[in-house]
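In the part that follows, the structures are each spelled out as structure tokens.
Paired with chain B in one complex and with chain C in the other, chain A is shared by the two complexes that follow.
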Partner chain A sequence: MLPGLLLIAPALLAIALLYVVPLARSVIFAFVDEGGGLTTAHLRTAVELYGRDVVFTVLVALASLILISVVSIAIAGYLTLGATPWAVTALRWLYRWPLFIPFIVAGQTARSFLARNGLMNGLLIDSGLMDPAMAQSLLDWRGLVLTFAWKQVPFVTLLLAGAMASIDRSTIEAARNMGAGRFRCLIEIVLPQVRGTLLVGLILSLVTIMSVLSVPMMIIAGNPTMMTSMMAHRVTYYGDYAVANALGLFSYLITAVAAYAYLRMTLTQHTEGAR
Partner chain B sequence: MALATLARRGAANLLPAVMIGLCAFVVFGPLTNLFLWAFAEKWFFPARYPTEYGFDFWQRVFRPRAGAWTSLFNSVWIALATVGLSMALAVPAGYALARLMLPARAFIMLIFLLPQAFPSLPIFVNIAHMFYGLGLNGTYTGVVLVHSLPGLVYAVWIATAAFGAVDRTMEEAARNLGAGPMRTFRDITLPQAFPGLVAASIFVFLDSIDEFTGTFFVGTPDISTLPILMFNASMGGNYQIASITALILLVPSIGFMLVIERFLKADVLSRIGR
Partner chain C sequence: MGVEALALHGLSIRLGGAQILHDVTLNVPAGSFTCLLGPSGCGKTTLLRSIAGFAPPASGDIRLGARSIADLPPEKRGTAMVFQSYALWPHMTVAGNLTYPLKLRGIVRAERDARAEALLDILGLSGFGARKVGSLSGGQRQRVALGRALIIDPPILLLDEPLSNLDAAIRRNLRGELRRLQQRLGITTIMVTHDQEEALAMADTIVLMRAGRVVQVAAPQDLYARPADLDAGRFLGVDNMLAGRPDDPVAAATLGFRSMDARIHATAPQDALVRHGTVLDCAYTGGGYHLQLQSGAEVISAVSGVPVTPGSQVCVAVPTASLMAFGADQMLLPNGSPPIAETVQ
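Up next is the complex of A and B:
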């Protein structure tokens, strides 16, 4: 046992100093006042000043996750069940690109692409699909949802398509032979079998959405905005780590709720399976 | 008859064609936009497209002693140092996790999973707060350390999977033939795990090159990397400089996307997280 411990000790020490200590500090300093006593003042300030931003963050995250699930299921489903070989090949090549593009670059492209005078509106107007008077900026919650989805759909699709490829083809063939359409097959046969993978992908996406700072800072100019942006604002403009940490607690809480829901769901699945 | 078949085939291909076209627009539309801005000399409202193209802004970005060169060198050096530090810690840790007896192995794996399972922004904020007291804010050491947190997590996961995929019978054969443990590790284990370790290094390098949040809290305003340069240009309304920097940032990402599958084999990939 000793050689193993010796080999892993440096990495553990590094993770303790760079992760466990800051994590503990982020929780503790949300409750400690200047004199060193316990207080809930920071939490109250956070709710008072940034309550709207917390609600905004939750709504944007939910909307993003819904969009991510729908598009990922559609793409992964087509990759698994699609009947047009050239289209499947093209889609497989296409969908991965945003995965390798840094968030900060995605933020910059969204900032100029989705603006009122951006390229998207320009192309839509020129193709006759949109009236110039209808052009509006998408640089609000919609821009955030679109950018988060643009970045995370390839990730979730990659996981989903992998899971779909490894399920038993015979159930699909059987359903197809009985006359089930492709769409019904996807919803009733394939999707229930990859539900766990989808949930893992969505939780990891939620953590990403709650962690990314550059995208909300670049897309949203005013209020309300994402909690990440407000935490940075609190630290850089006021040097107020206490309220920033209190806000951080809310972001842990939101992720923890999602993780708890996932664990409960998998646990009930296991007990059902055991029966 | 032939015409009817052709028409039917055309109709069957129409819907997929529209769908692929839409996907291509969604994926490449924003990227095209980036290219237009990078080469736009003049693009003012109400013009819907640039009115003049050219390389003026490229010259401004790349003239000697311009900020872009400093940021580029900073980014590359910080990324290389992050790879060095992360791999130096992760290779022994990955070997121990994959092959040796460890107490509470599941707990240790969990600790290396946690940083990806919870939002990282409060962590970066508190690292900056700690580093401020230690005088590490605005130093290269500080930035390399903060980049090593996500780096170490990826590196440990992939290194563990890579060592786990090594064929043990070959090691046993080497030992039976009289090779010592160090020689067996050097000549048998390491070469087999090597592609996985290269993949881990690539991931850590990319993650560090693209890292924004940690650098924003720990490095600025003293240390500027490419993402920080891009962010400042964009917030200052200089979309040309921002787009050119963004294109530079895309080069390693796209380049590695094309080679990563060669290093990250399916047998290693399927073991990540175990």
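Up next is the complex of A and C:
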């Protein structure tokens, strides 16, 4: 008993000190007033002032996750089912690059790419595909969704392509042999076998999106914006940790829902596997 | 879709820089059961996969009935393949697996379900439709895989070692079942196997392959009695290969025979190959004894109904009809060829 406890003690201690205690502290402080009594005032202030930002955050996160799923399924699917060897090799090399770019650099890149006078519009106008008068800035929710997707697609694709590579290849061949084209094969045969991995990738991406500060700070100037931005604002300009904690509570709740869905799914898989 | 014949013409396949198949030409008549037989790595599975469209040919043509299918993607070929690992879709039920090919063909749900029911009856799996495939035994999975291939009424059925993952007893049962089903449906079938017993028991025609080439195409009885060369003979269980002597009843560079045809005799019989030797070893094999004899520099395998003491001198004889005569080039000599001495003169 004792040696076992000693062995897991460092890990347990790290989780307790670095994760559980700060989490508990911030949850408690969201409900404690200056006198030390319980209050929901911070929570009410948070909803009143930042309700729109909470909704905006949820919508941006959902839109990003949808875009991330579509693109990473397409890339991983092509890596698995692609028939042109050189294209598959090239894609395998290219898709991981954004993994190694920090969020703040991604934010800066997106700023100069998506602005009204940015690189993207410049290229479109120079190539004659767009009328200069039509040029508009994408530095709003669209910029956020695009940047989050650009950063997280390689990560989800990495997980997904690995999972797709490890499924029994003959199940794919059997489907094609029976008359399924490559697209149907991807949607009806490959994807159902890796949906657990996709969900894990999306949940981890959601947690990342909920916690990134630099990207919304750099891309969005006005309101509404992501909750992280607002929390930073509250702390930096007002020193108001209580309301920031109350806002943080919403982040916890959103990620907790995702974590619950994930745990429930893995448990179902475990019981199915045990049967 | 009706039953169709398959023709391969000059088919060569390269995979990753290695030549897997060399100029294979083969005709498979409509409705026949053909086995591709050969040792591991001889290219038999690649040949099957190339018919299904999973191994692009470097040259040559594949024709199914009147049309060439060599340039079609797998899903357009209409061949039905049963994989060695069965390749059932784990996220679908048994009925889901059976009906998916029909769904791909746009058949309405009610008819799909009815056809799956009927097929489950034929396969002896009534009531299994709602089960997950993970809960089935190996034999049951095999049947579902076969059913899934047959439900689309394909012009040709391709079987990749379909019985090799099963226990011996189930394998023997399914062997007969599969053969009867094939004859009842009259479907053109090509099966890959490395098990000669399986090939001999099931096929109308056996295609013997070695190192990416077709060595011999023959009916099971012909292949067994007259393998094309020494290696083919060895693969088909011809375990004795002796150098021919001038006084042997058949003239040949090498004489081959199976040990079950070599018996111990008190006196040398007429019209037989005769050798004398010392018994090295005598082992009981159930129903008889298996002997190893030292005859000059050669070791002969033979059988005996009674035990023989090692060290004793015996006479072993093989009836002429059981002998296979091979020339100096290792190829089987044609039947009734004159003795070599006469040819030389």
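Worth pointing out:
In the analysis below, the second predicted complex is superposed on the first by the 245 of 275 C-alpha atoms of A that agree within 3 Å, B and C clash if a C-alpha of one lies under 4 Å from a C-alpha of the other, contacts with A are read in each partner's own complex, and residues count from 1 in each chain.
Operating definition for what follows: contacts are C-beta pairs under 8 Å (C-beta built on N, C-alpha and C of every residue); 3 or more make two chains touch, one makes a residue touch a chain.
Keep in mind that what you see is a predicted model, and the values were worked out from it rather than measured.
On the superposed chain A, the two partners chain B and chain C both fit, without a clash. When the two structures are aligned on the shared chain, A:L119 is found in touch with chain B, with no touch to chain C. In the superposed model, A:A110 lies in contact with chain B only, and not with chain C.
Look at A:A63: by the touch rule set out above, it reaches neither chain B nor chain C.
Put simply, if you stand at the Cα centre of chain A and look at the Cα centres of chain B and chain C, the angle between them is 90 degrees to the nearest 10. In the superposition on chain A, A:L12 makes contact with chain B only, while chain C stays out of contact range.
Of the two partners, chain B and chain C, it is B that touches more residues of chain A. Looking at the shared chain after the overlay, A:V200 reaches neither chain B nor chain C.
Within the superposed three-chain model, A:I187 lies out of touch with both chain B and chain C [touch as defined at top].
Across the superposed structures, the minimum distance from chain B to chain C, using CA atoms, reads 11 Å. No residue of chain A lies at the contact with chain B in one complex and also at the contact with chain C in the other. The touching residues of chain A, counted against chain B in their complex, run 1, 3-5, 7-8, 10-12, 14-15, 18-23, 25-26, 29, 75, 78, 82, 84, 86-87, 90-91, 94-113, 117-120, 122-123, 125-126, 150, 204, 207, 210-214, 217-218, 228, 231-232, 235, 241, 244-245, 247-249, 251-252, 255-256, 259. On the chain C side of its complex with chain A, the touching residues are 52-54, 73-81, 83-85, 87-91, 100-101, 104-105, 135, 148-149, 152. Interface of chain B with chain A (complex): residues 12-13, 16-17, 19-20, 23-24, 26-34, 36-37, 45-46, 48-49, 88-90, 92-93, 95-97, 100-103, 108, 111-112, 114-130, 145-146, 148-149, 152-153, 156, 209-210, 212-213, 216-217, 227, 230-231, 234-235, 239, 242-243, 246, 249-250, 253-254, 256-257.
Within the complex, the chain A residues that touch chain C are 168, 170-171, 173-181, 184, 188-189, 192-193, 275.
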